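Structure in structure tokens, see below.
Per-chain residue numbering starts at 1, and chain names A, B, C and D are given in the order in which the chains are listed.
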Amino acid sequence: MSGAWLLDGVLLLAVPAIALASLLSRRVLPALAAFVAYGLLLALVWMRLGAPDVALTEAAVGGGVTGVLLIGAAARLLMPAAAAPPGWPLRLLTALLCLGVTAGLAVAVLALPEPAPTLAPQAAEQLAATQLGNPVAGVLLAFRAIDTLLEAVVLVIAVIGIWGMAPDGAWGGRPGPVQPRLADGSVALLAMLLPPVGIVFGIYLAWVGADAPGGAFQGGSILAAMWILAWLAGLVRPPRIDSLALRLLVVAGPALFMLVGLAGFVVADGFMAYPAAWTKPVILLVEAALTLSIAVALCLLVAGWPMRRARA
Amino acid sequence: MSVMLDLFSVLAVLGGCFFFVAGTLGLLRFPDTLSRLHALTKADNLGLGLIVLGLLPRAGSVLGGLKLVLAWALVLLAGAAVSQVIARLAGREGPAP
Amino acid sequence: MMLGTTPGGGLLAFALALPVLAMLLAFVAGGRQAGRIALVALLAGLVLSLAIATSVLRGGDALVLILGGWAPPLGVALRADGISAVMLLTTSVVMVGTALFAFTSYSGRGGESRASLVFWTLLLGLWGAMNAVLLGNDLFNLYVALELLTFAAMPLVCLDGRAETLAAALRYLFFALLGSLLYLLGVALLYGAYGTLDIVLLSRLARADAPTLVAAALMTAGLLAKTALFPLHLWLPGAHAGAPAAASAVLSALVVKAPFFLVLRLWFGVMPELTTGPAPQILAGLGALAILFGSALALRQARLKLLVAYSTVAQIGYLFLMFPLAGAAGATLAGAWTGGMLQAVSHALAKAAMFLGAGLIAEALGHDRMRDLGGAARLLPMTVVAFGLGGLSLMGLPPSGGFVAKWLLLNAAIETQQWWWGLVLLSGGLLTGGYVFRVLSASMAGPAAAAVAVVSPGRQAVVLVLAILSVVLGLLPLASFGLVQVGRLAP
Amino acid sequence: MSIASAYGLLGAVLVGLGLYGVVLQAEPLRRILAFNLLGGGIFLLFGVMARRGAGAGFSGDPVPQAIVITGIVVAFAATALAVHLLLRLQAARDEPVPPEEPRA
């Protein structure tokens, strides 16, 4: 692999350079553009580290949806006149502190034990019991399912938190600013052509996640991205926040997951255990509900709080 | 036969790389937004197109080849849409410095 | 000892499932149902945490639940030792009190309102997150739980939607996120060093090498920012004083205790050797500064709720005095450990009572300016008495729970010949007395004030009961605190 | 030095850069951006631990990889909360100040 070191070398130089560019850029938009590039480069790094599942997540969520969120915010924020930068003593002190943290981490990373402790053999051994082919899916939905469950709850809480920022009069309205409908132009075209492809791809990613790179988070974020694109082009509107269907969609994933977990007391060996004969179908069912809820939650997290009450 | 195919791949990919380098140079050197866009879209369309073309014989399966072409088509679509937006913004704000 | 599910371990699953399912249900049902669902679930939760505490006490060892049958290190376990059980119970009591207090204010009568839905769902979310923190035995699982706690707490800070509280919420969020990222950084290093994140397994493996020490430093710093130990307390007064009283009570009584609880887990569970070096002296030194500065600043506040918030800054300081004292052996260790936990519990009950009481005073008078509190005692006698009883516990006067806590810590300080911490304890008590007296004397001056709103006696009674509980703790025989010693991982 | 260690050092550098931005950026949006740079560095360190633990036929230890996926989504939720809070703060500052209400 003569080319691999070249790729590693370029990444090792380009990633800190683009991070520095994002940090030091005087204006906000170039900083955000650099950040999106940072996310994409990190996705490449994840491929180099042998983690295609993470690469997909980083590209879709870390770079993509986060980028949309931040750029959308930058467009709505009135940037205050640049405040005077902090004085040099503070900057020097902070730089020294951060240098210290970096140095400490570097020493720690280089002092890690060899051979590295790992759970890979145990995961490989137990994977058969989950009837899954993708070890990362095995960790997310079986071995450490509780993290995934709590994380789905995190998304619900974040949605409630953002809705809670609404002005009182707007409660019950549709989330987010009203997007004018783009009648013509290439964005409207993109918003009509891309979603059919993207939806298929998102569902595919969620479906193959059990056995190949992909899964609920990756698939859900692609689905969310498609809705966000159509929303930005004014082609779709979010439902009112008091819509029962919307609220059911938001909670479906975590609620089903928790109920399946409790059912484990009765039909399997205990809390969050799957019945032996039905492990894979149950996991796929949970994953489908999670994909849906994650997609809806991500859309709502980008859209924001209701701004005006919808006319009845 | 396989030598010819290899040669074809190498030439096409090299050609693609040339357009990427030229496009990047244009992005850095051209004076205003519109001509920068012009340079960039060349890299996207032609550069990526040539690379995909060069890789097609090595795709291994028809499905793999189709995926490559689909990737190219999606980049074309996204690139065209984004360039339009940027160009419109540039037009609205007058010639960039 | 291999980790395996213990009898009664199944109870722990419900401590997570009950709040989470109740929250999801309240969110879907909305309207008037949200408050009812919350109250019913919280009452069931009180029974559940009593059952868990009984189970831990009877069994004499920690309850463990292996999730999904996948044992650590590959899987994740929940574990309830004595201090988990005590804090679970405290959480339930404070939550039930708060819910009863807030039930009429956020009734959602006349259609679902923003404040009612957000308050009840996030209160349930906070409860679930607290339980996840208290039962967690896996460092990354605890990270997710901590974030859950922050995300549920932050919107409660700015529930009134004014620019001032929104700014306080943003500042809180920034501090909390920095804290959790520093914590996460340490988790990465520990995984790299040991290949497991399970606290019980780590407690047997931990070495004092570079990755471990760097991880400990980063995680501790992050958790201190989240628990608002001096000098990282800057976010707390604005956030806790700006929130509605019911939210302030939960934030001050419980939420800041969660990161403190994890510092305990880290220092006495994962890396017990840390507690013998100079590091505990540093922690306690910060604690001492928190006590002195926090109390002094509380003395000077012009608003009642800010005074109570600064008092939280000071009382958090006391919690960190247990670190150099609990490094000792035998009975002294047990005493300092009990003292620290008792401080956490009695402060939780007292502070909940004081914030709720301050809320009632503000509601009745229409303001909470210190210099215009005159007549509040005649208007709301029960509430002012409750405030005074809570103050008794904070000062550490007998027979309150705070007295026993501070007395145990003082004892440990003398036994380990660290008399300077004893000095801090005593001067902190004097300063606390100063600001509590300031409130009492101000509210007792003058004739009955004109009320702008009527406060129901039921809500006043809730406040009084919480305050009485914080005092009654001190009347229990010391042996009954044996529960906090059960399943301790420390040496 | 192994390639995993090299990426480990990269992670350390990214953490330092992100931390600097978090502490010093005065504009809240830029600070949120810095939080994300910092997060990227931390997740990278998990990736390094995963890579070091490659074995049993896997290209990396799946446990830290799964942890990162969970972490990225949590970080997104945090970013969304912060961004919308910031937008809401701006809107509230533009609103006329209501007369002081009794706060309960």
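Keep in mind that, in the parts below, a contact is a pair of C-beta atoms (placed from the backbone, for glycine too) under 8 Å apart; a residue touches a chain by one contact, two chains touch by 3 or more.
This structure is a prediction, so every number in the text was calculated from the model and none was measured.
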Chain at maximum distance from chain C, centres defined as averaged CA atoms:
B
Any idea whether C-D or A-D has more C-beta pairs in contact?
A-D
Between chain A and chain B, what is the separation of their C-alpha centroids in Å?
28
Find the geometric centre of each of chain A and chain D from their Cα atoms only, then give the gap between the two centres in Å, rounded to an integer.
12
Need the CA-centroid distance for the pair chain A / chain C, whole Å please.
31
Scan chain D for residues touching two or more other chains and write them down.
15, 45, 48-49, 52-53, 61, 63, 67, 70, 74, 77-78, 81, 85-86, 88
What are the residues of chain C that contact at least two other chains?
74, 140, 144, 147, 151, 154-155, 158, 161, 166, 185, 189, 192, 195
Any chance you could list the residues of chain A touching two or more other chains?
101, 105, 109, 112, 116-119, 123, 143-144, 147, 151, 154, 158, 161-162, 165, 167
Could you please specify the touching residues of chain B with respect to chain A in the complex?
70, 74, 77-78, 80-81, 83-85, 88
State the interface residues of chain A toward chain C in the complex, per the touch definition above.
101, 104-105, 107-109, 111-113, 116-119, 122-123, 126, 142-147, 149-151, 153-154, 156-158, 160-168, 171-172, 242, 244, 247-248, 250-251, 254-255, 258-259, 261-262, 264-265, 268-274
So in the complex, which bits of chain A are touching chain B?
185-187, 189-190, 193-194, 197
Which part of chain D faces chain A closely enough to touch in the complex?
3-21, 23-27, 29-30, 32-34, 36-37, 40, 43-45, 47-63, 65-70, 72-81, 83-88, 90-91
For the complex, which residues does chain C have touching chain D?
74, 105, 140, 143-144, 147, 151, 154-155, 158, 160-163, 166-167, 169-170, 173-174, 177-178, 181, 184-185, 188-189, 191-192, 195, 244-245, 305, 359-360, 362-363, 365-368, 452-453
